[in-house]
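Presented sequentially are two complexes of chain A, the first with chain B as partner and the second with chain C.
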Partner chain A sequence: MKRIACTILALLAAALMASPAAAQKKPIVIGAALALTGNLADSGEHVRKAFVLWQEEVNAKGGLLGHPVEVKIYDDRSDGATAARLYERLITQDKVDLLLGPFGSASTSTATAVAEKHKRVFMNVAGASQSIHKRGFKYIFQVLPPITEYGAGVVPLMHQQGYKSMMIVTRDYAASRDMVDFWKVNAPRQGIEIKSIDFYPAGTSDYSNYIAKAKAQNPDAWISIAYPNESVEMVKQFKAAGYAPRMFVSQGVSQEDFLQALGKDAEYSMGMSPYEHTLPTRGNKEFVKAWVLKYKYLPGYYAAFGYGACKVLEEAVKKTGSLDQDKLRDTLSKLETETAFGPYKVDPQTGEQIAAKAVIVEILGGKREVIWPEKFKTAKTVLPYPAWDKRP
Partner chain B sequence: MKFRLALAAFAALAAAVVLFGNDYALTFTIQLFVFVVLAYAWNIIGGYTGYSHFGQMSFFGIGAYVGVLLMLHLKWHWLGAALAAGGAGLALAVPLGWIMLRLKGPFFAISLFGLTRVFEAVSFEWDALTGGGTGLYLPPINDQRMLYLALALLCLGMLMLTYWIDNSRFGLQLQAIRDDEGAAEALGIRTTRLKVTAFSLSAVPAAACGALFAAHLAFIDPPTAFAPVMEVTTIAMVLLGGLGTILGPAIGAVTFAVLNELLWSRFPDLYYGLVGLVVIACVLFMPRGIVSLLVRSRLIAPGRGAFRRIAARSGRAP
Partner chain C sequence: MKTLLELLLNGILLGGVYALMACGLNLIFGVMRVINFAHGEFLTIGALATYSLCVTFKLPFWMALLVVPAVMAVLGYAMQVTLIARVINAPMIMSLLLTYALSTVLVNIGLYIYGGGFKGIPGLLTGSVQVMGVGLSEARLVAFGVALGVSLAVFAFLKKSLFGKAIRAVSQEPEIASISGISVERVRNATFALGAAMAGLAGVLIAPIYAADPQMGSRFLIKVFAVVVIGGMGSYGGAIAGALLLGVVEVLGGYAFGQMAGSAVVYLVMIAVLLVRPRGLFGVGVRA
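Now for the complex of A and B:
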């Protein structure tokens, strides 16, 4: 019995000492836990690549405050509890200098609580839910626009085109609930009727019941906050069922994966996007070039979140001139800047992003073209979304 | 005597984490304790009574929501909320057990899995109460040492409860049901009542644990509350440690959690595959878990009580 106890003790001790704390004094270590496995892994991977790209760039330019930079990335398995544990590990065991956020609202929710507890500056890279910034935290800074910005253009675009009704079919998670609440208020103001709202759980791959419902209700627009793989399934099933709304908008359309998976069938789908590689934001051309050179595909907005967060952090550290967390916090809450991703400015009370905006894109000729707002337009809208038997 | 030593070792270990560990050690151990409690709870119904099922997370998730709602709206302390969550677990388990325990084998196992998915769907849909996919946010607990202590005591309680079951008439009756329910009933064992009792004993700690877990994370949403991964991990832990044994769930949970942390921090890409191989190897070479290995190498005694000795002599691993 004693020996068992000893074995357990030894195992536990081994676990706790498993990762050697960053021993070298020299590099500035930046810690993050990303969804590298689990249901958000596809998306988390883009962010990881962005961190790596930035790390190479900043080191090539001589590092940060004269130190080389090392980004230490763990896998949170798309799980909030694991994310909390990993940020504890990054802060108290690995003693990293700076923190970048995880992927997704659930992991960001639990990780921000840990960072705030230790009074550590935390860049919210990809947690779009507004609830994250409603807890009175002082050290959390959002880089991406809050989710309600994503779909803000949908209503005016529909109004402009004279469409009168929409049906919402959306993945059920924190951010999409916020978005739907926004539409519930704004659509009726423009005379647009919301015929139905359906939330499906993550991992759903069969949308036939919603398609049947859409055929019965005949809404002008089908609107989804769906991940790229889910958006792909929707379009495949539209085609199989011979159904076409007059306008199809889904968040996931604006990721490269959507185009790659569907090819020609991707045409005329619309996506909500807080970033496009064609946008004239500061340093965007260089970012897109470096990304394509390294990864051989065009960066989508998850990539830009990751890169933008790194750039904002870099600028804030340089401006502060030290890694002191409270000074850095003051800098970040007042900082106004622009990165390849877009403008950065937060509400100093909540850390919520207020400057970044989103655009609406349409797939035309095998490319994502910006069709909304007017000032970033790269092509003219083609509507309605054509019926499947009327396509070339 | 040896049991007391095990208790003392556990207490010393638990104290060491608080006294010498950093916050990461604390978080790691809190999450480990959650699994230890779940494993012990599942072992009562799955291991001793022979009613394996995939519905443990129903109680965990409902406990989590009951706890969070009490903490959020009525500003209850997490300890009171956890006790109330345990009560909710009991209130659910008794009628549910009464109905569901009529099913046997795979039917029982799968029906409870289905039920968990129903609870998950309800918690998604009933957004006025649960916040749907947004989840519910609590003010974070910055000093989690008391939470840790509560979970440590709960683990200890589960260990003692299992020890008692293993050495009591009640436990023997449960094992009789496991081995041959018809025969047990013919011998005059009140099978339904005992099964419902065992089911409740496994539901209450799971529900209380759910509330503590939510307090620890300061956040709950349906995928976290009713996570199938946690369900399967718990069962794998019990199988790894030793089904229907006193030390099995604890040994399984600790081994699994440590392997988890070691393998996955070193080989994130291979992680799932490696864990799968470890579990397969255990099932193939140690069908009664690590405990049977320890018994065979005479590190621990093959259990107590006349019945267990006879069983051991006749070659069946205890």
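Now for the complex of A and C:
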């Protein structure tokens, strides 16, 4: 109830702030279903906040094509089937003008199928799985980078540091298999040997067997596509076993949970991140400032996905000058721009994002610092990952 | 050789925590023939409560060790009296549905309060101890010691004390126990409270080892079910033996065949036990 009341108030406030010309016109309604309850609710909430922030901003500037903007958000309960049903409803019953995507690959997969069936332009806000853009759909445009971009920097970074071997220990799911295929091709080209590749099933919480293997193989780098909790458990078990690779990179390191759960032991771990609030991307400073003012915490990458998607859609609509879905589709497939989140450019055949790149961060002094690529560096890399008895 | 020793010790330590959970589950099954699907969530509540006590309220860990099981016992008692007691004599599907529903409700309350993220306790028992040249995690040693200690203490309580004997009597023959003047209802209430407290304690013990989240319960419960099936439904000693065996099989299997196949080995052992000895290694079977 409280949330609904807040939304209504926010809408009223937004309507009042809008310029008089816009206020008199019928609003442009943008529909989305987000994970507001269920297991992805935490993450979905950041995207919802991003949509709301953008809505206020765009209405304060006179709306879109002279109309005020209203973002209509349903709750897909973190469930793909529910997401499909809700997008069907948004399109056929609510007759919304534009669509923004849901949170997560599962809901995005089903929702995109509905949008494509109705020939409706659909912004893929937070569906990283590559399969989403491999189905020949023509109306789906990806804003976040595809998963293989997340770990792309690992190989050049290792090459730069003169490291020669890696061991891959990774959670088993479609996205990580895409990532591993990428490394299998790219690591040997830089003279880096992959000593072993292990996929562990979801729910694994004991890594002692991999640590035993790592001690025997002695690879330079331990590379993981692991959730934050799994990354935390890896580091705890490294410490307990007195094991330290020369470089430790895991995807989950780039999330706040990792830092808070480990405290000092998080230091020198590296993570893969598609967005950091320190990046010098276009409008990022203003976005971070507005976000912190409104929500009192720093935006993470889910927030940036949501905001970036809105900005790309806004620009495309302005450029097209109408809400005609086919014209809008043509604009989006050719558009090249940059938002706070990063650059936007898609493969016109698949709608897959090809310009956005992820960065590599290292935990230094209790903060995530960007250490790769060179042009975004906020701190100097500290390598090797120090042995546990050599740490202050 | 050293690798083997390291794996073996790690496996045994892993088994200790499974033991504590499996014992509570088995105790409840033994006395009531109720399979508690919400047992994993009792563990989750224990772990998240420990996070709140140690991180949010900055209380020492030993406080959590004392407070959380006590609170869980009260919570378990309340659930037993208000809900579980109603379905004990009903067909088993009723208690399965009830505890499953309870599990879903508890998970979502957890998500509502803590969100979907992962909660860890920084700097708690992160050191390691050298045992025969192998570095073992302090957190795991503490968990193993406390878990096994408590499991054995409860075991002794069941064997020696009058109330323990009453629990065993109700487990074996509720009707005769009742004729002999034992209050079956009281025994059942106490057993469920005890089982919940043990799962809560297991939660406290794993809080320093793993990052906790509201959905962690099912990850552990599946393995604990395997432990119980291997050790024997309703058998207390069987649960301890099964847990240690499964811990070792999991770690060794994971090393030898990779984690994917390693996890399968655990369930292959379970199937083998079911084929050869359907009631489990020490099981009591279904009451006629």
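Keep in mind that, in the parts below, the second predicted complex is superposed on the first by the 330 of 392 C-alpha atoms of A that agree within 3 Å, B and C clash if a C-alpha of one lies under 4 Å from a C-alpha of the other, contacts with A are read in each partner's own complex, and residues count from 1 in each chain.
Here is the rule we use: contacts are C-beta pairs under 8 Å (C-beta built on N, C-alpha and C of every residue); 3 or more make two chains touch, one makes a residue touch a chain.
Keep in mind that what you see is a predicted model, and the values were worked out from it rather than measured.
Once the two complexes are laid over each other on the shared chain, residue contacts for A:74 go to chain B alone; chain C is not touched. When the shared chain is aligned, chain B and chain C each come close enough to touch A:199. Of the two partner chains placed by the overlay, neither chain B nor chain C lies in contact with A:369. In the overlay built on the shared chain, the residue A:172 is in contact with chain B and with chain C.
After overlaying the two complexes on the shared chain, residue contacts for A:93 are found with chain B alone; chain C is out of touch.
Once the two complexes are overlaid on chain A, the chain A residues touched by chain B in the first and by chain C in the second are 37, 172, 199, 201. Residues 1-5, 8-9, 11-12, 14-16, 18-19, 36-37, 74-75, 77, 79-81, 84-85, 88-89, 91-93, 106, 109-110, 113-114, 116-118, 129, 131, 134-135, 171-174, 176-178, 199, 201-202 of chain A are the ones that touch chain B when the two sit in their complex.
Residues 2-3, 5-6, 9-10, 13, 21-28, 31, 120-121, 124-125, 127, 131-135, 137, 139-140, 142, 213, 216-219, 221-224, 227, 229, 247, 251, 254-255, 257-258, 261-262, 264-265, 268-269, 271-272, 294, 299-300 of chain B are the ones touching chain A in the complex.
On the side of chain C, the complex with chain A involves touching residues 3, 6-7, 10, 14, 108, 111, 115-123, 126-128, 135-140, 209-211, 213, 215, 219, 222, 250-252, 254-255, 258-260, 262-263. Interface residues of chain A facing chain C in the complex, by the touch rule stated above, are 37-43, 172, 198-201, 203-206, 208-210, 212-213, 215-216, 227-229, 232-233, 236-237, 239-242, 256-257, 260-266.
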